[in-house]
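The structures come next, written out as structure tokens.
The following pair of complexes shares a single chain, chain A, combined with chain B in the former and chain C in the latter.
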Partner chain A sequence: MFKNNNFIERSIAGVLSFLKESVFSDEYALKKGFLQSIDPKIKVVLFLLVLIAMLFIRHSIILLYFYISCLTFAWLSKISIKFFLKRTWVFIPLFSLFIAVPALFSVFTPGDAIVTFKIAKASFIITSQGLSGAILFVMRVVTSVSFAVLLSITTRHFELLRTLRVFKIPQVFVMTLGMCYRYIFLFVEIVENTYIAIKSRVGAKIHYKKGQHIVAWNIAHLWARSCQFNEDVYKAMLSRGYKGEP
Partner chain B sequence: MSNLIFELKDACFSYLRKYPALAGIDIDIRQGEKIAVIGANGSGKSTLLHMLDGLIFPDKGIIKAFGVELKESAFNDENFSIGFRKKVGLVFQNPDVQLFCPTVREDIMFGPLQLGLEKERVKKRFEELAEDLKIRDLLDRSPHQLSIGEKRKVAIASTLIIDPDILILDEPTAGLDPLTTRHIIDLLIEANNSGKTIVTSTHDLHIVEEVSDVVYVFSQDKKIVKYGEPDTILKDVELLQANNLVHIHSHKHKDKIHAHPHLHLDHHSHQ
Partner chain C sequence: MHIPDGYLGPATCGVFYAVMLPIWTAASRIVKKTLKARQVPLLAIGAAFSFVIMMFNVPIPAGTTGHAVGGVLAAILLGPWAASIAITVALVIQALLFGDGGITAIGANCFNMAFVLPFAGYYIYKAISYNAPIDSNRRVIAAGAAGYIALNIAALLTGIEFGLQPLFHHTANGQALYCPYGLNVAVPAMLGEHLLIFGWVEAIVTALVIKYLQKQSPELLKEGEVA
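Right, the complex of A and B next:
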């Protein structure tokens, strides 16, 4: 969308296209693959059991088998493995690797040293127990996230919401979740159109200070619009007989 | 008169008690009538429709529906509230406001479920609407995947499924292609022929004659400047021009520049 070097614009474009591609796309859920053919309720139960089982697994090698099976299911469900790996590995290094790195060292996990090195006169020891603990943690996160992503991309979101109702999740929660999903997309579109409109008027390059100013105003504008929308949607609900209960 | 449905006397409304939106409106609407409300942007048309639907209430003056004064407290009575919502349906100007469920099917069924309408009747009406509005293919899609025309048709379906006696529509044909516009007008005429009262706000002067027996013209100062039969109102070019509903259009015919008011009623001819 924005082909210039402006950091703010590139970030916005990146976030928007990620949201549109990964959260709102029904592309993979509509394919005729293995997981798509399974009843969503059964699928949710099976995936939940797998996730719970992974919490109790203490061997990385078993987790690796789970991970390989997850990739196999993705392949059988006609999901591009490149897309799947991109989706599942984007946030994992951020959330799990940073947490796992300190566990490598003897300070947090004492044990048999496998690597020793010095930085500014301070010596660091990586222990075998620390390394296996870190691998186990990362493997568990990767596999859990992969299964969760696999469930969400092979099931249409309204079917997932319907499944939540079957599991006796309060209807008000399911309804709010559905509305959030619906309106996040609308606001993504508003932000996207606003930035195209700005670009059409200010050109490709603007001073970063001006850019910050525009972004700040747009956040405020979006907030005001969402408040207005909130009121209007509530009126539309009242108009069709909503009594405050889902 | 006994068939009086809505009665507004000196109704005033302002947003946040600061920004006036309606300034002393007097309107009587009778059963089976077709009413059109025309006026420029920001003249108070949508505010009036929201007031008719019992979503906002006058700061000054009164609004009565079916002989009962509409106040916030009246809607605390569940019987009155449900009865009113079953009788009066509003199609909002922005369909995104009205379509808040994960799928089109759920959106259409939201009203009947809330109002506890009879299942068999709703099912039959649902099938009819899906066929009439040609939205069968959209039923399992999410509203965010629809075009503006499709969203508008679904929004109309979500109101029509309640089968209200009074149908209020806020710019129902805005942004629609000619064929869909025609389809919606035919639907409104048919609804009116079956005894329903239709209140439409619009900028499209070319649909006014078909969707109204009485036309109310709103001015920028949020008042009704004139009302009457569509034929009389649409011939009053000076009035329409003063209220931003027509503009002076100038164009070239061979070597001569030619200017005249442009009403968007029909394609004009030149001799």
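Right, the complex of A and C next:
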């Protein structure tokens, strides 16, 4: 029970899903659909307005209209609805659905009873306030997540980060964002290779304490490599004419 | 600890964007002043590092895994202001490109994880490791304590942000509009799991990484602070 090495598999799985997601996003962003044809700047502003507007809605039926329109936009943008539903419902909305269940009951949301039932000797009361609050909460979460995901998969990631300049974000953030995105891929690859190397050399299961040392060693090593790498990148930037401004 | 869209009401989201705006401005000004040209790529590398730390699964007893946020570690290695920028960038990329954490909640998420976490952690680390030599054990303990305490402070604030929602936003008949749980449920739920599990994960990872760096590249702990 106290021995496991699934942290290696889980980290590799995390890395792979990250790469898969990036590749899928690029694939969908390059399709010739409805949302892909809109200028990214306009699209980002519109989607942000929709996300903000959704925070103010107080009726789940209006959120349902928004959700249906989101699915329609996804369909018009040539995105497989099965992929889209899977991508949007796992994990946040499902988690929200799970945590919304106790809120149905009068213990957490007092109000007008609509259903009362007994398990053993304890009686449970579902209140109308609890039910409508939970539906509104889950609808809002799933619709917001769906719009956010729709934006990210119909726009190339680079363009999406570039549009942030429109919002007059300080230069140091915009430059860091662009460079950071590239480094993530490099780091993710380093992590993946190191973990595959460790996995191939570890036959037996690893005690969790040893596992924690492996993770910490990896992070420390990644940082040491990053600092070394920083020097090379800076020299490369200088050789291409970098003078302090991007 | 990433708050998704739809959990916080518009007022809370707006307030946190408003609170973070001067912090971001100050951070970019301070970092620009203190950052040596040679260290410019370090910010981006630090941001990518913060992003990737969250992908590491850390084994914990009972055969399961948790993950560290790495905010305190980033603050010790980069200094709190540069760490604040690096973590903000990591959080923006997560929210915008990967749907992890809400776009409307970026202000609140940055307040918890890119401001409170690195600053609290950094100053706790500094206070405990005051005047300690680079290779001393006190630094390892300071890093662990800073990781544990700062993450729990951030978790407590997240719990309070959730718990205030039913108080601020509800209909006339008592129906919640956003996160449905009050302070009496949200705070113990958030704090409990961080006090018992995630705080320890953060502490162990932060302390062990500092220990490895002491052994293998002590110069990184000396030069590490950008701003």
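Rule of thumb we're sticking to: the second predicted complex is superposed on the first by the 167 of 246 C-alpha atoms of A that agree within 3 Å, B and C clash if a C-alpha of one lies under 4 Å from a C-alpha of the other, contacts with A are read in each partner's own complex, and residues count from 1 in each chain.
Definition applied: contacts are C-beta pairs under 8 Å (C-beta built on N, C-alpha and C of every residue); 3 or more make two chains touch, one makes a residue touch a chain.
This is a predicted model, so every value here is computed, not measured.
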item	value
Partner chain(s) touched by A:Q36 [first = chain B, second = chain C, both, neither]	neither
Touching partner for A:V145 - first (chain B), second (chain C), both, neither	second
Contacts of A:M179 with chain B and chain C, given as first, second, both or neither	both
Chain B versus chain C as contact partner of A:F158, first or second or both or neither	first
Touching partner for A:G241 - first (chain B), second (chain C), both, neither	first
Per-residue contact with chain A, leading partner among chain C and chain B	C
Which of chain B and chain C A:S77 touches, first, second, both or neither	neither
Partner chain in contact with A:S60 - chain B first, chain C second, else both or neither	neither
Partner chain(s) touched by A:V215 [first = chain B, second = chain C, both, neither]	second
First, second, both or neither for A:F187, with chain B first and chain C second	second
Contact residues common to both interfaces of chain A (with chain B and with chain C)	157, 161, 178-179, 181, 183, 186, 229, 233, 237
Of chain C, residues touching chain A in the complex	4-7, 9-10, 13, 24-25, 28, 31-32, 37-49, 51-53, 55-65, 70, 73, 77, 85-86, 88-90, 92-93, 95-99, 102-104, 171, 173-181, 185, 204-205, 208-209, 211-213, 216-217, 220
Residue ranges of chain A touching chain B (in the complex, touch as defined)	24, 26, 157-158, 161, 178-179, 181-183, 185-186, 189, 229, 232-233, 235-243
Contact set on chain A toward chain C in their complex	1-7, 10-11, 14-15, 18, 21, 25, 48, 51-52, 54-56, 58, 87-88, 92, 96, 100, 103, 108-112, 129-130, 132-134, 136-137, 140-141, 143-145, 148-149, 151-152, 157, 160-161, 164, 170-173, 175-181, 183-184, 186-188, 191, 206, 208, 211-213, 215-224, 226-227, 229-231, 233-234, 237, 244
Parts of chain B lying in touch with chain A, wherever the complex brings them together	50, 53, 55, 78, 81-82, 85-86, 89-90, 92, 94, 96-103, 106, 110-111, 114-115, 140, 142-145, 158-159, 162
